[in-house]
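Can you read through this structure? Questions will come right after.
Chain IDs A, B, C, D and E follow the sequence of writing; residue 1 opens each chain.
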Amino acid sequence: MKMLKLANLGGWLSAINETQRVYLPIEAADQVNYGVWTPDSVVRLDALRTVKSAKDAFFPQVENMMNFKTEGKNVSVEMIDPKVENFVVLGVRACDAKSFEILDRVFLSDPYDPFYAARREHSTVVTLACGRPDENCFCVNFGIDPADPKGDATMWIVDDTIYLRASTEKGEALVKDLEDADTAPVEAQQAKTREICEKLPFGKLNLKGFDGDHLMEKFNNPKWAELSRACLGCGTCTFVCPTCQCYDIRDFDTGNGVQRYRCWDSCMYSDFTLMAHGTNRPTQVERFRQRFMHKLVYFPSNNEGMYSCVGCGRCLAKCPQNLNIVKVIKALGGDEA
Amino acid sequence: MSNNITTEDILRISGVDTRKCMFCGKCSGTCPAFDEMEYHPHQFVYMVQWGMIDKLMESKSIYKCLTCFACLERCPRNVQPAKLIEAVRQAVIRQQGMNHMTENDIPGLLEDKLPQQAIVSAMRKYKK
Amino acid sequence: MPVNTEWKPKIVAFCCNWCSYAGADLAGSSRLAYPADVKIIRIPCSCRLNPLFILRAFQRGADGVILCGCHPGDCHYSTGNYYARRRMTLLFSMLNYLGIDSRRTRVEWVSAAEGAKFAATMNDFAKTITELGENVKLGDLRCKEN
Amino acid sequence: MQKIGVFVCWCGSNIAATVDVKAVANAMRSEPGVVFSTDYQYMCSENGQNLIKDAIRDYKLDGIVVCSCSPRMHEATFRKTAMAAGLNPYMVEIANIREQCSWIHKDMPEGTEKAMVLARAAIAKVKKNAPLTAGTSPVTKRALVIGGGIAGIQTALDVADAGYEVDIVEKSPTIGGRMAQLDKTFPTLDCAACILTPKMVEANQHEKINLITYSELENVSGFVGNFTARIRKKARHVDEKKCTGCGVCTEKCPSRKGLNEFNMGLNTRGAIYIPFAQAIPNLAVIDTSNCIHFKTGKCGICEKNCSAGAIKFDQEDEIIERKYGAIVVATGFKPIDASYFDEYAYTQSKDVVTSLEFERLMNAAGPSKGVLVRPSDGEHPHDITFIQCVGSRCSHDATKGKEYCSKICCMYTAKHAMLVREKYPDVNVHVFYIDVRTPGKNFDEFYRRAVEQYDVDYIKGMVGKVTVEGKKLHVQGSSLLSNDQLHIYSDMVVLATAIEPDPTARSIGTMLTASMDTNDFFTEAHPKLRPVESPTAGIFLSGVCQGPKDIPETVAQAGAAASKVIGLLSKNELVGNPCVAHANELLCNGCSQCERVCPYGAITYVEKEVRGPEFRGVKRVAQVNEAVCQGCGACTVTCPSTAMDLKGFSNNQIIAEVDAICR
Amino acid sequence: MQRELIERLNALIGEGVGKRVLGWKRGEFFYDTEPAILAADQLDELVYDSFCGPNLSKYLIQEMPKLGEGEKIIALIKPCDSYSFNQLCTEHRINKDKVYVIGVGCKGKIDVDKIRARGITGITGIDVDGDALTVHTLYGDEQVNRKEVLLNKCLSCKGKEHRVFDEQIGESEETSTGDDRFDMVKKLEAMSAEERFAFWRGELSKCIRCNACRNVCPACSCVKCVFDNPNTGVQNKAAADDFEENLFHIIRAFHVAGRCTDCGECSRVCPQGIPLHLLNRKFISDIDELYGEYQAGEEVGQRHPVINYTQGDCEPSIVHERGSNA
């Protein structure tokens, strides 16, 4: 275990920054999001949740994939090589850290995504343990320990001190020059956090029946209509979600060519996977169902029971009309399955 | 007496747009104090417009206006001559020492039939 | 393609068919010069100008956008330019609010008889835009690449 | 991929001197979609046009761009060329490289570069063009005239003389309108009845004119050439076929409470009445609000006395629904209500009258049989004061007056003054005026006659107030020229009240979707060039409904409106402009915003079953009447969902031009 | 008041006024209310309290086609929501004949995020006693003054008057702070152009194009938004660069100009806390200043200023004269 005074964080970041960019929670215009560190950045490691999740570091909202150039009637194609330099993602909470595993299953299995893979390969993930879970937190349901998140290195902030533990070589490289430390304060904090976790309102959700075996049962449940009634069809839940990974590939005509890029898409949108014949999810009921069926049924049934929800609680906090996955689990879950 | 009071000053104080006047004379036709006045309401309008402010300021007409607002009410173009007259009066009062009436004048003016209210309002109107 | 290193402004002029486009034609037949940076798009009436078209022009690299229509009261369609006037006032004010120089947008009423006014307006607008320089605040970088 | 042809014109040296036309043609050849590009000295010449036609056929072009002079010059020419070669004429775009390029630039490289940009913009646009076909619609050969005053009568006569059927809808029981109420007319002083009555009779007897009196327009639908009007013919309670107009019933009627409208309420009439002796149609009508039979069920004296058996107490309103090709608005005017002017004591003294009341007092058929007497006591007046501009030129308060000049008051006041002085030389006549406005043939001469020959006392100034003092009216006014305040004790005061559009005009304007100004006068399609047409196609304006005017002007405008109607009705079908707005029903929100900005009333809303990939069901959608739409595009920008687009100048066409220019 | 409301609703349904009620239902937490359409047997789920912030009027659009001939839905409408209701009636998106409006009293609604912003997290319950709020958290209880944590929209409350209702239940209270609602607009206008540009870049660059502002907006009721329509040339699912962020918000504000009732929902729902209402308020303040004061939704059938004109309107050059470009 290593340690660093919170006051010296800037110095440490500055040192890392000499060789690689650091991506961490930064406050800008009153909101905390992941951003690239500069000496002027307002670092907010204390923020429990960033608005958007840490997935941006590997899967940004918009990214260019190829360019077409037109010169008169001639068209040339230019592929974009996903060259990525080493970088650090720092301050990742346990839930977001877990989301990388889920995203890996999607992007690193066949067909392999070179853009995502390049970023994963060149990244070092430094996680941050939670000391003060929120009422909306329910990561514990998915086997996540917020007091001991996985990563190349893990941080605990206790009072004015950051404690660090490296778990991989990459992590070790970052912390090796720091001072050694006693593990007692960290253990004390962990105990406290785990105690709170026991008391979390959503700490013990009944996920029984959310699996491939009950797929049609869940799919045909009449409660979807009621559950989705207030849904505005906005993309807030999907865009703040650390595990949502759907994207659309679009062309932008620059006037002298075309840029083909991908951008996040949301299954809540009426034009999600829209095809020439129209859409097979014509109303918000189907779209709403799609999102939660994917997280709780389709994904686990294809991934050995791994849910594609990490319980970060962002959708609970951010849904304009207070709809969320917990309400779905409670309505459809448990004994009824 | 050089007052340096300009047309613009009077227009600003009064908020009147003299260009709206079409010189129909209805204000003077309706004025109950017409015979008392050297310059009549419609003359105020064009005299202000043409910068003849000094003459108006020197004239007793400004004290003869009853401020009954008949001209203002009847004017078809909403020119509001009464406000111009009031503005000229204001311009005079604003000159130091130019009060038309002082406290000392009052006892001599007192009459049994004169309501107290009239004296108070006269003070307001003729003195700063 | 010849590469022109010297920056020249791009100006889009939307002209209503009945007054201002004819005014532009008259400027032409009177041989009244104005910069070639001004390119005219004919629309039936000033009220046809959708704010989207203006933003589109800026996106694609325009440095100034001007709308010309019949004088208020003379609209071929009686009321079109009155609506255009309100829409443009509000749009320009919004752009200004966002910190975009409102001098990059303009509305002028030019009748079919005002060829000289058309040319003078375009000369003045082009001069203003040249002084303001390249539009960087409202452009789309993707359109400037290549 | 489309096949576009580009044709670059030299226009002799007009273009070629500052634009390298060959370079433009060459550059365009490599533009995507362009399969043919060439240049020629005079593209508009026969050889040039043949070149275009051949290329369209040889290369199977589905769009062409002509880089030449202004489209205002030759767009029509090249459209015809395209059509002759079998290409839809709306698949032609013009790049204006003469007026907007070669003529204003001196530098060849600069002119050439700009010409290329303009050509590319035209190519970009033409790629988004769609073939358009102008719609046609049939024309119903019948006109409707709303209002049976002199304006309506004259329009109807002129249209009918050209051989078309005309219906006149008149809300009162007789035609004739305001002019019938006048005594004499300025500046000739001929008797109004003498010149109007023959016209009324002619209208009545014309085989092509159908009078629908005592009737009101209830609803109008349709569009130019194809209007349908619903007219409510109110029950007269008199059988029109039987009534001979003998007038016996009107004399016998025991009710005398109804105010005589024709005499401006200065006297009363029976509950059954004929408005005036020369009324057309000459039929009695029962005013049910004053009829004893209708109030109590008793009486029936008229019925007993009618030898023709024409009284029909149980008659009901009749609805007439008919189709018209054109509609003429001739709704006329009324004097404003003088009771707003308490300073003139109109409501306090019967001897303060309006000019129209005075007109009746002077008329031989009026309440005093043409003898000028004071309404209050029937005595002969010795002194009369006229006050001009009562409620005209007044911007003080919209409820009180009108900002405009009513135009006719100066002249009729001079007429009244003159007539009084001629008939009763002992009467003193004063006229208070702000300005005397007499622009018109023989008008000023007329006014001067009143002053010089008849010795009318014209006073420049306005009356401030009128008070009743005993039997006299104390008129207090200013005389600006003498800088005096005058006090005149008159026996009568006559108010030249402003005129305003008839109160029914607003609702008729709404029915017709014809635009009106803030004063409720109908607006013309163009103030100078189309003064007798409403912006709404097929609606024409006649008389004071469009703005204050005197009788000769009214008659002239009535004739002008008639000629426009005849021009329209003479066509068998109307060919529309295909560049019209079109609503995409799938995208339409039904919000009605476009309807509000359409200057022509071309947009209506219907509940309609709509079937699309994302929506199925009944919804409210906009529909554009292509025969009425003029293609301004106001609706397209109002529409937030882009459901409304304009053919020929669509969003995508304009965006394509923008993109090409800014590239 | 909630009990009174439920009793009245039961009575109304009993009388056959309508079968279903548009209101709010309780979620997982005290503060967590969800817009809901409840049938007679679900009325015990109905909640009406200090957390019922969402504007419900837009939900009525989708209910219209579901109603049969003569059938009505009962809707709970707060005073401020009644403006949106009227505006939607004006635009024929709602048919008043098909809605039985209960004007529910409102004394201001609480913004739970404002409580969180005070560092009070782990909120598990809130007790309301007048203006005193006791917030229960995983980490102990906290006291908060209700007035200090009202939704921003309540701070520029339009007053306690319902602009439309069939009946009213409950008392209302005006919660406006009395500050000019255009203060921030004026502050921005007074900045230099560069400062304004920096401010808006900072704000709009946070936009994740989730469309929450648009989808919640009662004025943004298009069947298909231009930004979702592949034929408009502006369709996009994410803002690929600064321009597209600007474009979306400028056009959105323009499309609702004259129709926006200033209900504040856009800013309430923005997950990134972008003060979107400042764009709409700019248009409102310009309209008020240039074309006369106008409040959308005050009456049904109003012709809003952007689809209206007067011959004497100011010229667009007023923008150059008035606004600073420096």
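What to note about this one:
Note that in this section contacts are C-beta pairs under 8 Å (C-beta built on N, C-alpha and C of every residue); 3 or more make two chains touch, one makes a residue touch a chain.
Treat the numbers as computed from the prediction; the structure is a model and nothing was measured.
The chains that touch chain C as well as chain D are A, E.
In terms of C-beta pairs in contact, D-E outnumbers the other of A-D and D-E.
In this assembly, B is the chain whose CA centroid lies farthest from the centroid of chain C. Chain centres here are means of the Cα atoms, and by that rule the chain farthest away from chain A is B.
Centre-to-centre separation between chain A and chain B, using Cα means, comes to 78 Å. In this assembly, the C-alpha centroid of chain B lies 52 Å from the C-alpha centroid of chain C. Chain A and chain E, compared by their mean Cα positions, are separated by 30 Å. The distance from the centre of chain A to the centre of chain C, each centre being the mean of the chain's C-alpha atoms, comes to 46 Å. Residue numbers of chain A whose C-beta contacts span two or more other chains: 252, 255-256, 270.
Of all residues in chain C, those touching 2 or more other chains are 51-52, 56, 60-61, 73, 79, 83, 87, 140, 142-143, listed in ascending order. Multi-chain contact residues, meaning those touching two or more other chains, occur in chain E at positions 226, 232-233, 240, 306-308. Chain pairs that touch, as defined above: A-C, A-D, A-E, B-D, C-D, C-E, D-E.
Residues 28-31, 33, 48, 51-52, 61-62, 132-135, 196, 199-202, 229-230, 232-236, 238-240, 248, 250, 252, 261, 263-266, 269-271, 318, 320-323, 326-327, 330 of chain A touch chain E in their complex. Here chain C touches chain D in the complex through residues 10, 12, 17, 21-22, 24-25, 27-29, 31-34, 36, 39-45, 47-53, 56-57, 60-62, 73, 76-80, 83, 87, 119, 143, going by the rule given at the top. Chain B meets chain D in the complex at residues 20, 22-31, 34-35, 40, 42-43, 70, 74-78.
Across the complex, chain C is touched by residues 69, 252, 254-257, 259 of chain A.
Contact residues on chain E toward chain D in their complex (touch as defined above): 65, 90-93, 221-226, 229, 231-233, 255-256, 303, 306-308.
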